[in-house]
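Alright, structures below, take your time with them.
There are two complexes below, and they share chain A, which is joined by chain B in the first and by chain C in the second.
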Partner chain A sequence: MLTVTELMVFYENALAVNELSLKVETGQVVGVIGSNSAGKTTLMNTLSGLILDQQIKEKRKGGERITIMGKVEFEGRDISLMPAYERVRLGLVLCRERHPVFPDSTVLENLLIAGHLGSKEQVKRATDLTFDLFPNLVRWRRRKAGFLSGGEQQMLAIGMALVVGPRLLLLDEPLLGLSPAMQQVVVGAIKNVRRQTGATIVIAEQFARPVLPMIDHGYVIENGMLTMTGTGAQLMDNPEIKSAYFGV
Partner chain B sequence: MLTGYLIYGLINSVVLVLVALGFNLTFGISGVANFAFGALYVTAGFLAWIGLNTLSLPYWVSAPLAVLITAVLAGLLYRVVVLRVRGLVVSEVIATFGVGLALLELFRFLGFIGFEYTLPDAGDFGVSVLGVVIDSQRLLIVAMGAALTAFLWLFTRYTTTGRAFRAIAQDEHTALTLGINTERTATIAVAFGAGYAAVAALVILPLGTIAVNEGYNVLVNALAVCIVGGLGSTLGVIVASFLIGMAQTLTAAYLGTHWMMIVSLVAILLILLVRPSGLFGSHKQLEERI
Partner chain C sequence: MAAVATNPTAPSPARQRKERLDRGIKVRSEDIYALNSWRELAYLLAPRVLPVILVLLLGFGAPLYWQRVLLSTMVFGLLAISWDLLAQAGMVCLGQALFFGVGAYIAGILNHYFGITPFVTIPLGALGGGLLCTLLLLPVLRLRGIYFAMVTLILPLMIERIIEATKIFGGTEGISGLTPLPGHGLELFLIMAAFWIALFGFRRMMTSDYGLVLKGINDNDRAVMSAGLNIYRYKAQILFLAGSTGAFAGAFMTHAYQFVGMPVFALDYSILPIASAAVGGLGTLAGPALGAFILVPMSELLRGFGGLRIVIYAVLLVVFTVGLPEGVFHFLRRKYTQFERWAEVSK
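On to the complex of A and B.
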């Protein structure tokens, strides 16, 4: 479904992603595991096309020069130069890190904004699905999203991505800043998303422990480079992973 | 006497509402700076005048045409000028203000000065309210003010485009990841705001003459209302318009008309000292929580 070939991303002369190649098959849940500054977010932004917007903005203000090389293909089509909002129309939807919601709009409005591409019935169905997955959100539907807790904002952010109607859902650090209990809730919801929508999912995460059991395939990256790859079970048994991510 | 001042103060407040709505739509709700706002307001007036007098078009052709051309002009302003500095708010402000300045002074240069530049008003009847006669044009202003406010409020809540305006102002990257074409949405927001300015011009300008200086006054008034009310809040626009509008009228009545323009500026200063996010602006408190 998604093929990345020899992707390289530079911020000025700093290499953020280094000759990274990966493949996501339809229906899979794929994990991208790495510590802070490993290049996870850069990778996700490149897949979603957001980096093209950042590139233009930086250029306008004479800031950092962002250079992107390599190829991103979605269902056999080269989308390397396609703007972010067009990729969304193909079904490639990113949920950014740090619970990206519209703080001044209510929970319901957030979901409606996310549903701007779909028909009324589609949006209604997706909104209902979101409230099914995250019953916590139901009682806050008329509350401004900025006043929700971090975990609730993350749930809302995932809900918004669902309302868009993803075929490939990219989740950038969905567990960041959440308590272990809340992490379990979000992990459970992600599993449900897969079951109920059949979407293919890519999760970028530094918390390997809750993520590895649910993925079909994992890529471990460090300093922008692929250091290890394998199924979730293989990675969990790997001694290096154990020492680096589980502290064992 | 006082009743008269109060009633005319209320009408002046509605004038401010009309003027500030478009500015608030573009800068407050959508987060796109358009400081050529006053220039576009005056442009709409002159365009309507040219349509009526130079091209001898009937009013019902000339007026909508003026609104449409002003909106398209604003859209072009965005595409050609603002897009190059989009995301750098200070540059957006300076660039649009510069274009506005050029546009206004162009009218002055072309000789659009004088008392013959007037637009037709709504007719010669009046209604007496509490012994004060209100003419038809001012009644039209009040009606349009109510209609445009209601329309804007409904538009930003119940239409896809209106919600997208609010989305791009809050977080452009999140809007992009939801598939919103942010630059197209911003262009529409600028054009829409300019359309509002043009409608305001067509109902307000018949009270006086179309003058280049109106462009500067309108911008200052719109800015004052939006800052006092809190950027982006429609309720804030209404409340602030009534505060400033009444203050202006009473100042003009008791201190003299030459003090009137100071009211807006003093209002800006005071609110920035006391409550910088405006009476109904919630951006600040929310930002601290995230």
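On to the complex of A and C.
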């Protein structure tokens, strides 16, 4: 479904993503595991096309020049130069890190804004699905999103991505800043998303322990480079992964 | 090899990218060792000393008309510096005319009603204007962004109407026949000195620890509060400094034109500094000053076009801001300190 070939991203002279090639098959849940500054977010921004906007903005400011090389293919189509909003229309949706929601709008309004392009029924279905997946949100539906807790905002952010109707859902650090209990709730919800919508999912995470059991295929990146790849079970058994990410 | 360059700005060779590197001389002259060599010393001094000399030569070599243009250029430059100073401390001000006008009126009143010499009225106008504007804006310091901007935009217009309605300080006629500064040369020298002192002084200030706090307030004021600093005290101090700078420009202009009237509160004095900052490049102080040196003489050169002047001026402004959005100063500085070359992307 998604093929990335020899992707390289430079922030000025700093190499953030180095010769990265990966493949996501339809229906899979793929994990991209890496510590801080491994290049996860840059990879996600490149896949979603947000980096193109960042590139223009930096240029306007006279800031860092962002150079992107390599190819991103979505369903056999080269989308390397396609702007982010068009990629979303193709079904490639990113849920950015640090749960970006509209803090001054209510939970319901947030979902409506996210579903602006969809039909009324579709939005209704997706909203119901979100409330199904995250029952915590139901009682806050008329509350301003800025007043929700971090975990609830993360749930809302995932909900907002779902409302768009993704075929390939990119989740950037969905577990960031959540308590272990809350992480389990979100992991459970992601599993449900897969079961109920059949969407293909890519998760970029540094918490390997909760993520590895649920993924079909995992890529471990370090300093922007692919260091290991395999199924979730294979990676879990790997001693290097154990020492680096499980702390044993 | 399947990979292709996806960067639209890169030319056809697929595995090359343009890299930006600091010039060797820039790196060598960063430290105290710059004093070792004339070349490095010259590299450091040229962008600072050359403009001063150039303006000095221009000022005293040009015919009287262009001397006056240079004078008002520097006045607008001071206003632009004062605007950028406020902007760097997180206060977007739309009312540079307030500072300018208050300073102008204080100097005018002191000179007309009390017969005080310009050498006293100008400093008094600068300090008093800064103080008065700070007091006026003290209650709204807690406002941020557009609300602060609105208040600063309204205040000069309000004062203008008060003077018109109550007919104080000469009303719509203004006060004329004020004491001129002795000699054009001294006049020009005074404004040049003030301009360079403000520019280099404030730039120095922004690189100090104090300036660091100001930048912090602009970036994230809550984080600055969390560091245990009273941001309103800092904001008031900067307001006083920026206000005094603007008021000095006003007080100086009063004596240069020997007249003070309602036009000193006009929108021009609020808008042109912002336009200069946009053209020159925000956040460097030198950028807005450079912007004033581009915009004010340009507007004079366009006088020949009559009614179309404003149109051409506006189009040029758009061309500048769209074509070089980072600002002229940022662009020049980057070219001066860095070079670019095509680099093979290692396989």
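Worth pointing out:
The definition used in the following text is that the second predicted complex is superposed on the first by the 248 of 248 C-alpha atoms of A that agree within 3 Å, B and C clash if a C-alpha of one lies under 4 Å from a C-alpha of the other, contacts with A are read in each partner's own complex, and residues count from 1 in each chain.
Everything that follows uses one rule, which is that a residue touches a chain if its C-beta (ideal position, glycine included) is under 8 Å from a C-beta of that chain, and two chains touch if they have at least 3 such contacts.
For clarity, every value in this text was computed on a predicted model and none was experimentally measured.
Considered on the superposed chain A, chain B and chain C are sterically incompatible, since they clash.
By the document's definition of touching, of the two partners only chain B reaches A:P103; chain C does not.
Ranked by how many residues of chain A each touches, chain B and chain C are led by B. By the touch criterion defined above, A:N13 reaches chain C but does not reach chain B.
Within the superposed three-chain model, A:S80 lies in touch with chain C and out of touch with chain B [touch as defined at top].
In the superposition on chain A, A:R60 makes contact with both chain B and chain C. Residue contacts after overlaying the shared chain place A:F131 against neither chain B nor chain C. Look at A:H116: by the touch rule set out above, it reaches chain B but stays clear of chain C.
In the superposed model, A:I68 lies in contact with chain C only, and not with chain B. After superposition on chain A, the stretch of chain C that runs into chain B among 63-71, 81-89, 153-161 or 171-179 is 153-161.
With the contact threshold set out at the top, residues 60-61 of chain A are in contact with chain B in one structure and with chain C in the other.
Chain C contributes residues 2-8, 10, 14-15, 17-21, 281, 325-327, 330-331, 334, 345 to its touches with chain A in the complex.
Interface of chain B with chain A (complex): residues 84-88, 157, 160, 163-164, 166-167, 170-182, 232, 282-283, 286-287, 289-290. Here chain A touches chain C in the complex through residues 5-6, 8, 10, 12-13, 60-63, 65, 67-71, 80-81, going by the rule given at the top.
By the touch criterion given at the top, residues 48-50, 53, 57, 60-61, 83-85, 88-89, 93-96, 100-105, 109, 112-114, 116-117, 144, 146-147, 160-161, 164 of chain A touch chain B in their complex.
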